[in-house]
């Protein structure tokens, strides 16, 4: 039994272990050089990623509070990888920061939170995981202590998060009142579509929607993304959103199966709103982080299309897309983070004429944006295609049509950035930037992911073989 | 022969170019690449003839399938029939010419050629694919490189035009996308028609064998047809054509008008009409009306243009109207004519843009009333220009005539009054064509030399000559001896028509 | 029967000439381009004559002329039944035509050796000439109506190229454009006519087509019964085909391009716009003659008849007032073609004894080719000499140009229809045909022949007689506005090389290469009338017994003589009589002098109506409305995105509020409303 | 307690819930907003305990949940206050209306 | 109406009234105190529900912890105890409406829903077995949440330290 527990919990344990190593480093070992610390940490994370890749048993522990299977393991590995990439791209920013170790401890704490959330077998564990991942994130987002925007963003984040989790809790409590259990397995059998339960469900749903920043629960997104340090923004937009989507799918497919007919419509509405509103807001943004924030709102609209597909293909396509999304979005944010760390410029206009001096960065950015826009041969194309394909499974082509048109709108603002980079000129364009080793590795990984994940069909095949569907 | 080579060769060339140092080497490598493409295309033609000669009557030759996404029953499936062979040849010709005329591209030359080669890869893939997913994949590949080519190396309102083009084409492919999904989910491949199980399929042949219900066809034909139609300047979604073409650099204009507008026509024919014959018959009046409007109104709009590139762009709208007309008429002859028109217009308009580009490089203007008497200064370029013009006004002995005549003869087989009217209007448009072509030629090529500076200008360089000769050769080869092209296209088209006809019987 | 190989060679040789000269002419043998081109045509002319000899020989031998198709291969299979073939049809008219075409073309080639000497684009010129010869031969030999159309277009194109030969002269370019576009417009009719006929006949091959349309067969019912605007489809088809012919043959009202076409080099005018191309329309109608007269559907033939007659008269009237020597000739050409046309129009229902008109038209076509070509070539010599084509720059040239004078005189007599010259016989046949079928037309014809005689001799006298024009003629001509061919750059770049110093006191008349064709053509103009046409060229190949020259010949000749008389009274010696005559009916004179303002009408229609009322609006609509729609979509999107930006107020309490409102909204919507 | 029906307790909790919400919407001082959040969380706690007590006394799920909520509420409050203090350093005010630099 | 019922209604009234005052009072200290009362009242409610342990935790953590924390932070951030700014008029009205509507909606749904008591066996919420369950890995064992929340508290602590720590000038 013990070995079994260790094996099934190994990813959580490894990350926790790293946290404690860092704690020891922070308390015991005196004043290491920041660069050294960064190297060590990244090595640890790399090891974490590699070790995570070994398959684990399909098991349920602690009387159903914690369960894991191959898909969940895979998802956790994706999150590990994403975290590694984030920390690689954060290199430039962290070099100048003093509380590096604390940064990583908080980051990894949130990661653990996500892990437990994904593996949660009942609402309590889910809630704990959620909070464990939210509260430190709030702290992280105000990590630029001197920046007004950073603290403003953090404030908005923590208050909105507290509010949304309070609503979530209220929903959970109502659900508990209605069914008398918090256990997922037990819940799914006791649900009937009565208004009360539906209301409870909607409250819970709002909690999810808040985390994946689906309209109309998205309003915090832009401000927090803009205010937070770029790596935190990247982490928020990829890891946080991805993890929540993973658990969202499980909860919807496994727990709220009886309400499927209801949440199908609700989520379709949210999806349409998210795509449209996100795109419309992104159209006018000049601040790149904000633009990416709204684009991520729109992206969750697209992901929801896969979710409501509520089929095996749907689940697979969501996971697949999030994998691609990790590469694309982190590629984009990586470039933004590097440039803002070295020059402090974050506007679209600042990127005018970027190509003149920084060919590599420009292409990374371009590929990432193409992938986000869903342009072949980048992976994003396949991701979007399969998402909407799954979404069309129920034969709602009007909805798919709206989604397709939204893809066109989104193309516009992505191309605006491309245009700035490649076509426009300005007096003092960003000079030649030196890309340190670690971010460079991150870029290579992202580009490779963007180019290969889609064309190599077996990736999707693998995910499909893991996923179960409704 | 392994068809995927056609896709791989340009990509490999592009990669090679990436690793080239020095613009000159870049040029030569890409030239070698397109030469290889041309060789491949010609080889394909010969092999195709040999196969057919040896009595291989399969609808598609040289098929190759690879299970790309087995879970979704998506295959990488390629194969050719006469039509695709012809389109591939066209692509090879135009690409070679395009590379030759862009010899003088200095700024970011490497990127330029890479994108160009990338484009060609997309076009080949599109013409090869027999799986709708693959088809769509290659269709969308070609959008962004165009955007970059126009936006970076273009002239005039390049950003605006590039954005417009990208968005409108993207909207087109969005419609196609919905249509494809609609088709996919209404197929029933449980019988394992396309090789593997899976409930639904994207496989072109498989779908063509199963008969989609009329309701489905009604619902999704418009998506597919309009979607592809946007690519081929279907009225009223043609407005990207003038801006895009006129802003694009020479090579990009050549590719745009020469090939990428044909993707649409090919798609309309291959996907929309072939997979949904009933709907095609139902919607054919609408198609005819739109096509006729495009033809006539495009022609008249052209008469008013002052800029050579605008003239050619608008005339492309008019000429692509013939393609849609031929398709919409749903008679075998008209369809053959439509495909011929695709090829002829491809070569002709590429030649036109090449000539315009050469003139622009020297005189730095494209305004008709600023030019004049070029024949004296640059005889070769002027001759090429005139040949292109004559081809576009349908002079016998050049490809344009053959194509248009075939379309007319085919359209005339529809006896309903409306179709008759459409045909007559289409015929009438060639007079207008004559008017604007002759005005342009008369003012730019003939007449006294407008500007003394022109007297010192040089005639075409070797690469430009080669490009011109290449395209002219193609035009003349079709114009003087159309029967080979006809024989090449007829089987493919007649299989489509047989499909349409068969459904007619069942109805 | 001549073997098909050399028959094919006849058109192919000039084609080869064109290709060689076109590709390599400028570069490699600009010197010998003329010789090469001429040689090629010479060979094909010889072949043609030989072929014709053999063909008509066999005709005479076995009593009737067989129609054969020695060559055919499929060029484009349009649809299973319908295919465009490249075939050669052999019957009296086609053989007669290849003889005419090659012969005249040869003459012009030789003539141009001298005339175009030293031109910069000498090789190109010959390439174009060869191209034209090829196309014209293809046109006359075509055994497939679509093939006819193809070469029809090619002829038009080469005419365009040759008219625009002096491309740096705006007037030439304009004329070339005009010619091409007008004929193209007419060809549209031809094309649609073909579509109609071939659709009902189910074939493009001329013989099958005629057969199916004439023999009462399956299609026949449909095509005669099926009607549009109350006119049977057959009539539509034939009528439209005739429109095509009328365009090429410069018949009223599509004649406006012909006078301007005189901007081309004079030999070109002689070849294309006098002898060969312009009669293509006549030839076309003759080609389909059996269908036209096939059964009593004569409305089309009526049209042919009257269009021909009107053109003949109109052109003759205009010719009397023109002062540009080439334009006078152009109008006379138009008038003569009008003759041929209405000759074709004078039908007798088949089954009756003869259709004299058919033979007469062909006959006149034949003879006209000789004397009209001769006239133009003479004009060329004159212009070459005077460096102007304004009549008032000429005068008293009979001393300076004795040979030309003689030839010109012969030609004038021939066209005036004075026996025993060629024109007399053919014109007399035509008038006879008219007399038999339609009296008014006969009188028009008679009057026209009088006018013809008048304006031809007006020209003759004012050029060769009267007071010698001032030596400054050239300069005067140079001032002479756009009429004067001398004014353009031609002579400066052209053969001015050896005529530079003007003609005063010069003794040499013209180089041998220019004299030779004059002489040969003069002989033709004299003797062409003796060919026994009625025995050889008939619509059905059956010979008709020729009719002797009887009392019927008297009125035309008298009228002609009267015309000559008036002309000599007015113009033989320089005087102010013409002015007074003109002043007598000034208004009418002006009206005629401006060619009845037909050009202006066309100008109005094209410029005002087509461009301003169709083209400009189309362009405007496209830019502003259609494109505006597309941009409008974008604008609306952008507007919406600014409109809703308030939602993102930046105040966290608003966010929370919206958050809960969202929940409440979802709850209400999906719990109470939607379920 | 048996005389008091469950719905009355639920009335208390629900009312508390919305009172807190009202406070959150209207109080401009961040700390008072935080207090409102605490009220909301307490209403949730009441729900859990009440449901557990009235309906499902067999197990203590509700009770445990409420205990964990209390703990988390504490942590959340702590971090929130830390953030607010830091924001106060930057803005010299904790009026939420003041912190709206990022918008649209 | 029995005594306990009376007690309940008094408690309820106290809770709600002080809560309302807590979110409306213009003086921040007063509202903190009202909050304190309300929380204490809730603790009383737990007592009334015979959930002594929960009540104790409520007292200890909230009254003893959070409220104190809040009051300290008020000390840190509040300038010279002046009135709180008045709510934005429009938003106040709107949120009053929304909240009222929400309350009606929710409560109606609660009333409509027929709660079915399940099982009669009563598990005693004594400190003992709560503690036992909290650390047991068996059925109804809450050791895993316990561990998780420990990490959470650690992280929260670190976060608070990093953020709230007075940052020394950068010259270091």
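As written, the chains take the letters A, B, C, D and E, and residue 1 is the first residue of each chain.
Following the convention adopted for this analysis, a residue touches a chain if its C-beta (ideal position, glycine included) is under 8 Å from a C-beta of that chain, and two chains touch if they have at least 3 such contacts.
All figures in this text were calculated on a predicted structure; none of them were measured in a lab.
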item	value
Shared interface partners, meaning chains that touch subunit A and subunit B	C
Farthest-lying chain, centroid of Cα atoms versus that of subunit A	C
Most central chain, judged by mean C-alpha position against the global CA mean	B
Most widely separated chain from subunit D, with each centre as the mean of CA atoms	C
Selected pair, greater C-beta contact count between C-D and D-E	D-E
Subunit C and subunit D: spacing of chain centres that average the CA atoms, whole Å	98
Intercentroid distance (Cα basis), subunit E paired with subunit A, Å	31
Rounded Å distance, subunit A centre to subunit D centre (Cα mean)	27
For subunit B paired with subunit C, centre-to-centre distance based on mean C-alpha positions, whole Å	37
Residue list for subunit B, restricted to those that touch at least two other chains	167
For subunit C, residues that touch 2 or more chains besides their own	645, 648, 650, 652-654, 656-657, 660-661, 667
Where subunit D touches two or more other chains at once, by residue number	10, 17, 20-21, 24-26, 28, 33-34, 51, 55-56, 64, 68, 72, 75-76, 79, 82-84, 86, 96-97, 99-104
Each pair of chains that touches, named by its two labels	A-B, A-C, A-D, A-E, B-C, C-D, C-E, D-E
Contacting residues of subunit E [partner subunit A, same complex]	105-106, 109-110, 112-113, 115, 118, 137-145, 148-149, 151-152, 154-156, 158-163, 167
Residue ranges of subunit A touching subunit E (in the complex, touch as defined)	16, 19, 61-63, 65-66, 99, 102, 105-106, 109-110, 112-113, 116, 124-125, 128-129, 131-132, 135-136, 138-140, 142-143, 145-146, 154, 174, 177-178, 180, 194-196, 199
For the subunit C and subunit A complex, residues of the former touching the latter	637-638, 640-642, 644-645, 647-648, 650, 652, 654-656, 658-663, 665-667, 669-672, 674-675
Contacting residues of subunit E [partner subunit C, same complex]	88, 91, 94-95, 98, 101-102, 105
Complex interface listing, subunit D residues touching subunit A	10, 17, 20, 24, 30, 33-34, 37, 40-41, 43-44, 47-48, 51-52, 55-56, 61-62, 64-65, 68-69, 72, 75-76, 79-80, 82-84, 86-87, 89-91, 96, 99-104
